[in-house]
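Okay, got some structures for you below.
Both complexes shown next keep chain A, but they swap its partner, so chain B is in the first and chain C is in the second.
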Partner chain A sequence: MKKRKERIDRGIKVRSEDIFALTSYREMIYLLAPRALPVVGLLLFVPLFSPYWREIFISTAIYALLAISWDVLVSVGLISLGQSFFYGVGSYVAGALNHYWGLPPVLTLPVATIGGAAICTIALLPVLRLRGIYFSMVTLVLPLMILRLVEATRIFGGTEGLTGLSPFPGQLTEMYIANACLLIALFGFRRLLDSDYGLIVRGINDNDRAVMNAGLNIHWYKTQILFLGAAVGCFAGAFGTHHDMFAGMPGFALDYSIMPIAAAIVGGTGTFAGSVLGAFILVPLSEILRALGALRIVFYGLFLVIFVVGIPEGLFHYIRRKYHQFERWVDVE
Partner chain B sequence: MLLGTLIYGFVNSCLLALLAMGFNLTFGISGVANFSYGAIYIFSGFAAWIFLNSAGLPYALCVIMAIGLSATLGVLIYHVVIKRVKGLALSEVMATFGLGLAIMELFRYFDFVGFKYTLPNLIEGSVAIGDVYIDYQRIAVILAAIALTGFIYVFTHYTRTGLAFRAIAQDERTALTFGMDSDHIAALSMGFGSALAAAAAVVVLPLGTIAVEGGYDVLLNALAVCIVGGLGSTVGILVASVLIGYAQTITANYLEPHWMMLVSLIAIAIVLCIKPSGIFGHQKELEERI
Partner chain C sequence: MSGAVPILSVQGLLKTFGGVTAVSSVDLRVKKGELLGIIGPNGSGKTTLVNLISGFVKPNGGEVLFKGKDITGLPPYRIVGMGMARTFQMVKPFYQLPAFKNLIVPLCSPRIKAVLGGRYGDRDAIALDLLEEVGFERDSNVAYKPAGSLPQGYLKRLELAKAMALRPDLLILDELFSGLSLAEVASIVPIIEKLRFQGKTIVMIEHRLKELFRIADRIMVLNFGMKIAEGAAGDVMASEAVKKAYLGSEAG
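Up next is the complex of A and B:
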């Protein structure tokens, strides 16, 4: 007798789908728990750690933001292999403003976010008109070439970078800024992609010609999404540069490209929550595995391959399925 | 100076063409962007080094074995990884990129870093053309580039497998109806691309040392040439190699050597502004493509 696995929505999921969810606390908790978990975890729980681990969670938030930025671009079908381009541009804009004009982080963060995103969007604008892997190729090439540019022309401090940037007032403040921005990005983008606007964006990913047939200018939408994704990445860069009190060539290094992609793939693409989950698994894990040195990147690479080929849905989709549905084996007639 | 620039520019062009050829071949035929290309390049370099220095085999045998091993690795990567995600551009790119990183960083972990990792020249010595001295290895680069271009032309135009390559590249479904196994051909194209990477490695690597960073540089150069020339176009690759190669040499000779890498960046920027799909790009802009 052959068996197959049957998946059925849990009763509580069906009951809590419309206004009747308000009739029982159990159903309200069912709805709220997954959404409250990251908020409570990031704002209340994470600050309880020791300063050493807080430091790690700050860099986790930076990687999570970069992963969200990657996921935003993927939602419209642009596969970036160079998140470090956004990180590097954001970090150099913030660093230069702070280093040369002495602007405080309150000003450099927003300016670097918007200005950096504008620079990245303009730099990548020509590639948006092409399909396929051109975007991946150009994003992979750009940050590595800019590294050479900085090295060769010695602009912005050359190989030594811009040092002595102003730090944030305190570790806790810094942590709350990072976590709050992460939550805003997470919930904001989830909401955006659930709206009608998001429908168009996902439509461009699924079938761009159909969206063009609907009389929509897909290049304009792609540009907007690129700007949004780049803004998140540039913010991460600007934040990271004030965190390190240093803007330099490591900002364009491959670490900032590979880690966010690995996080988003391990967590699962398309939901942003998956990217955050992936970052909160991979970054602390890599801190624990610090002793392995160069072998860590080998693991990220293999993680990528295994998840892409073997578990393409990622962890978040798996958890979500278990939360909403139960499974049982039934006979095949 | 002028003669030197001309000669060394040509060497540089041939070198770039050699590096980009394998990547372009694989993409042109199977549509797989092999981002582990750089990793395969240094893999074959280190493989040749290990055969030569640890196993003590004669150099000619090492070269053949390194090329064969890389080709096998390419076919293996196709069957184990790419075949499972074929057609999903996102997954193909991610999987090959991750795999390439893993291979390259594994070499770094096992401490394959240093000046002792060099391959010997095929022929020692140098020759004078006018008042410019050029060593035989650089002439070997030129000859290898010309020979491989010729080989690819003959192979894809006059052999059964080569014609099947082109058929799959032109129209996969029609080729399927004629009984060509697209998976088999794609695996072969991966193997061919990897073998070309290995061939480039054994000719180019004796000019310097084998370093993990070299793998990233090769991928960068290959991508730059492909972006400028247009993906999947052999003529485009050759034209772009000549353009970038001469521009780099002129920059190195008349400005400063470390500005060389900027040339490709500027070339990419200009091409993207004027004709984003590359000089001879088959991958047309969205509106033109059905």
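Up next is the complex of A and C:
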């Protein structure tokens, strides 16, 4: 007798939006557990680590924010290859406010988030009409151009950058700011994209002419999403610059463009949770591999290939699918 | 008053792509409540004409007046906001979304706010009602299936529902019947007749002449981007120019 594996969707997936979820503790836990996991993990579990690892988790949160920012832009069909543009603008705005006017992080973070996002949106507005690879090319080139501009004109400290910026009051405070903002971005964008507004945004990605034909100004929606994505990226930059107590050319470096994309792809795009998951795998992994010295990049690349080939849909999509399924072996004649 | 000013008036509309003239000084008038059929052989510029009127393609010359206002060169969303809706010959659903969620996008349009004065109820409920109107069976789960999994007949109905969701005064249907079986066409015709009864003005581009002639008030024939005949169905088909266009000049 042969056996085959049968997979059945859990009924609760269908009912989860309804009052039925409140009928038993089992169903409530089933629904709440995946949502509670990142909250408990980021606010209670991660702060228990040693100061060295906390440091790594803070930079993980920065990359996770950049990955969310990338995923936000992807939701409307904009593929950014220049997340470092957002990071760099955010870091220079916060750095300049702190360095020249002595504003504390309490003020520089929000100003850099909103102001930086406005600068990025205006800078990218002319290319917003471009689709696919053309938008990507411009975003790739922009941070590299600014890098040379800073070097040549020696603005904002030139190659030296702006040093001696105010740090955060303490490592734990810093960690809680990063993780709280990460959670707000994660749940906020998930909710936004689930709303009717999110339907329009995903519709533009799916078929922009159909959305135009529905009487909606797609360029206005694209601008809004660009602003939101840029705001998350700029916040990451502003946060990172106070974390490093330094704003400089490395902010526009390619690392900040490539790592978030890798994280979002490994974790799975379109869910934001995938981006966060990806960042929390890749950044610590890169740190663990440091022990391998020069071979680090080889193994790192190998892991990336294994993830992308093994689970092309993305880790989060895979886990979610399994979570909502029963599996059992049944007999086949 | 509505009889005096045509709801849609097109004068000397011109569009060239490189050296090819797709639409060449076409004049067109549609009265309120009328059903105008536009026919013509393949490549005669019918779809380009619709794209020019609905703002998806900018004309090289001529003007389009909608409700007496010049809309030449306006972006599609502005034109939709004024009360014109169109369907696409190649259906454009949001494939991953359930069928009824497809209608949420047009229902979010500023046009709906303008027509209903902000007191629309539940969008999902409106969407399901609209789908029932175009023939999605209420008691089946077909409205909840992803649009990508629906057969062509339902996709065409969905395309029609998306245009109807915008509460248009003028509805332009670009080859709604193409790719459908006789039975499917027969089931959509009453929906169009009902729309007319509600006072909507309709322009239909069609290849299915028999069905079109039964519901159209007036027929316009295009060939090589030019208007070659206009009038009642019988008169148009009797015209020499139309016979030539459809059968070729050698046949005569």
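We adopt the following convention: the second predicted complex is superposed on the first by the 289 of 333 C-alpha atoms of A that agree within 3 Å, B and C clash if a C-alpha of one lies under 4 Å from a C-alpha of the other, contacts with A are read in each partner's own complex, and residues count from 1 in each chain.
Please note the rule applied: a residue touches a chain if its C-beta (ideal position, glycine included) is under 8 Å from a C-beta of that chain, and two chains touch if they have at least 3 such contacts.
Everything numeric here is computed off the predicted structure, so don't read it as measured data.
When the two structures are aligned on the shared chain, A:I79 is found in touch with chain B, with no touch to chain C.
In the superposition on chain A, A:V211 contacts chain C only, with no contact to chain B. When the shared chain is aligned, chain C comes close enough to touch A:G203, but chain B does not. Chain A has more of its residues touched by B than by the other of chain B and chain C. Once the two complexes are overlaid on the shared chain, A:V305 sits against chain B while remaining clear of chain C. The interface of chain A with chain B overlaps its interface with chain C at residues 218. Of all the residues in chain B, the ones that touch chain A in their complex are 33, 35, 81, 84-85, 89-91, 93-95, 97-103, 105-106, 108-109, 216, 219-220, 223-224, 226-227, 231, 256, 258-259, 261-262, 264-265, 268, 272-273, 276-277, 283, 285-286, 289.
Of all the residues in chain A, the ones that touch chain B in their complex are 74, 79, 81, 126-127, 129-134, 136-138, 140-142, 144-146, 148-149, 151-153, 208, 218, 254, 258, 261-262, 265, 293-295, 297-305, 308-309, 312. Contact residues on chain C toward chain A in their complex (touch as defined above): 54, 56, 75-77, 80-81, 85-86, 88, 92-97, 101, 104-106, 108-111, 123, 162-163, 165-166.
Of all the residues in chain A, the ones that touch chain C in their complex are 196-197, 199-200, 202-203, 206-207, 209-218.
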